[in-house]
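Read from first to last, the chains carry the letters A, B and C; within each, the first residue is number 1.
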Amino acid sequence: MAQAQRSLAPEDVELLARLAPAAPTAYHRLNPLTKATAAAGVTLAAIVLGGYVVPVALLIGVVLPSAAAAGVLRRVARLSLAASAPILVSVVLVSVFTRAGTTVLFEIGPFDATLEGVDFAARITLRLVVVAMALVLFGLTTDPRSLVADLERRGVAPRLTFAIAAALEAVPAMVERTRAVAAAQRARGLDTEGSVGARLRGIRPLAGPVVLSAFAEVEERSLALEARGFGRPGHREPLWTPTDSPGQRAARWFVVAGVAAALAAVLVAQAAGVLAGLP
Amino acid sequence: MLELRGVSYRYPGAARPSIEGISLAIASGEVVGLTGANDAGKSTLCLVAAGLAPASIGGELTGDVLVDGASVRALRPNELAGHAGIVFQDPGTQRSGVTGSVFEEVAFGPVNLGWPVAESVAATRQALRALGIEDLAERHPARLSGGQAHLVAIASILAMRPGVLILDEPTAQLDPEATGQVIGALKAIVAGGTSILIAEHRTDVLAILCTRVATLKGGRVVADGPTVRMLADAAPADGAPQ
Amino acid sequence: MIRCDGVTFDYPDGTRALDALDLEIGAGERLAITGRNGSGKSTLVRHWNGLLRPSGGRVFLDGSPTDRRRVAELARTVGIVFQDPGAQLFERTCRAEVAFGARNVGLRGPALDAAVEEALAAVGLANAAGSNPYDLGLAQRKLLTIASVLAMRTPVVVIDEPTPGQDARGLGHIRSVLANLVAEGRTVVAISHDRRFMTESFDRIVVLDAGRVLADGTPAEVLRP
């Protein structure tokens, strides 16, 4: 472009700030990689170190305060418990009643509930809950577009980041599509309110158009993208990118180093026979 | 500005070429209309002119395609993006699917071309203004009416400031109000020096916009002349403009 | 045939799409509905086959209310062709695609085959009966969706935007389809923005605006010059 360097007018700066995903709290405004590292760190630490102390400490010291700071404490609690409940119920039942142990607490038919089983179940439950909460917190406070934009800024190939972003945005579009398909097929007499057999027969007419039109569109979609310069080698300047800071960078390395050290310590202790293997 | 010289193109796996012996030149500031029945090769010609065929879809091209006098046969489409921009009929497939606002969607092209942010923003604002859709800037691209989506698709290409704008039936899905907006925008674009190649059935659109009309039949140009004469001669029965 | 009595429709988010709309369409009538985007055209016709239920007012089909009748049943009376072929095509051949709707409304055996062949011929796709719908161009896929409703032999046929993208041949097929439907005594409704098409093919045009009937009369009376 043979033009003098332009600078952004104040109303442009405001517009770009509005276009970037909403970040109501300081926690939201953290760099996506920072939030991802926190979630990964908590997850690894909880799983690897196990026991009671570590998960509880992570929960009270890291996860819950962060969720509160982000203003999503109640939603995190609700969603993570809802998500982990099915697994938890089966794991707890299996552990309590089938874990080998010596101290029997009570019996139900042929099944003995042992103290060792309850202990095991409690530790697993704690870990699952901490991990679920850490992951849900990450999901609720990180907009996928921010994550993708940050990945691109760090040098991940644009085609890959595009594929991730497109996949994430494709879900609501598919939901819309299925609604249009249902309307068109019902208008042709497809019975979606009838017997189970009728509904099973409806799977192909309802799913078919979604899949087929997606395939049919692929070629034109990629042509349209190419026509807009997608995949062009060279530097891109996106309209907005998530910010980062030296403090966050240091914190991330600290977490990575900490988790790595803990993992190493566990392995060494195991090798030295101090720990009888991971619970 | 844009010239096709003796161009024939055969789709991959096809027995015969879809267009043959096409020689068509679009000078700066010209608006050339392309008419013919649905299988006459209009869309194929648009793809070739935009450099997408054969570069993106394979197939065999004979003849030459020149932009500003230089052959673009060897260019990749994303290198051609700043020169010849194409807008397809279906705005849905032209949505990138990765942006959260119309503004970012329209800026997608300029950003891909590596422009500085201020330049991308300026080009986007201009394009939105030209199409009369500034009020849609912060709307989500997937939540637009058919007509609005089409205007956004055209703006997305216009923002890249191409020398030639190629449109494949742009008003097909639009209501009269949106059609009027698109025609108005295209006229302003032409006044700014961009050439236009527009494949179109509608004689009212052709009459307002085009300086010349070329008719395709069976993959060949069978007539090419000033709009007034072409529309007067048109015989509806064989798929020519009605 | 179709009567809308003070029909009001509100979307879940509160937007009012239809506002106490009154409309009466007699059997065998041929009518075009037009209006700006968002005026309620699509919303209105979806009330006729039960895809949408009114928030207020009532819809009558052939004298009886649509209240408790299922969509699958109402579809036997009102066949609607929507705008996007991609939202309905799923069979491997055009013949199978057209047969889908006809089979749903109860046609079988020779009667089904006859309905399918006739419908394909009416839109000029007789030669493409064994082809994959996605091997056809967009305009022909649109004609295919029209055929798939024609084969259902519904007393009322509604087509949402029949003309966009059609060349002269396609438009010819649409005109003859309309003429044949009317000759058979069926009720035909088209949603359209195509002025020329509406002026040439319809005697009655209903203009909607903000969910109400703004004008109802002949093209000359209703369409601005």
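Some observations on this one:
By definition in this document, a contact is a pair of C-beta atoms (placed from the backbone, for glycine too) under 8 Å apart; a residue touches a chain by one contact, two chains touch by 3 or more.
Owing to the predicted nature of the structure, the values given are computational and were not obtained by experimental measurement.
The minimum number of touch steps linking chain B to chain C comes to 1. The most centrally placed chain, judged by C-alpha centroids, is B.
Across the assembly, the mean Cα position most removed from that of chain A is the one of C. Inter-chain centre distance (chain B to chain C, centres taken as mean C-alpha positions): 31 Å. Averaged Cα coordinates give chain A a centre that lies 41 Å from the centre of chain B. Mean C-alpha positions place chain A and chain C at a centre distance of 44 Å.
Looking at chain B, one finds that residues 90 touch two or more other chains.
Within chain A, contacts with two or more other chains are made by residues 217. Within the complex formed with chain C, the residues of chain A that make contact are 177, 180-181, 183-194, 204-205, 208-209, 212-213, 216-217.
Residues 1, 3, 5-8, 12, 15-16, 18-19, 21, 145, 148, 162, 165-166, 169-170, 172-173, 176, 217, 219-232, 234-239 of chain A touch chain B in their complex. Against chain B, the residues of chain C that register as touching in their complex are 36-38, 137-140, 161, 164-171, 193, 195.
Residue ranges of chain C in contact with chain A, taken from their complex: 46, 49, 51, 70-72, 75-76, 79-82, 84, 86-91, 100-101, 104-105, 134, 148-149, 152.
On chain B, the positions that touch chain C within their shared complex are 36-39, 89-90, 145-148, 169, 172-178, 201, 236-240, 242.
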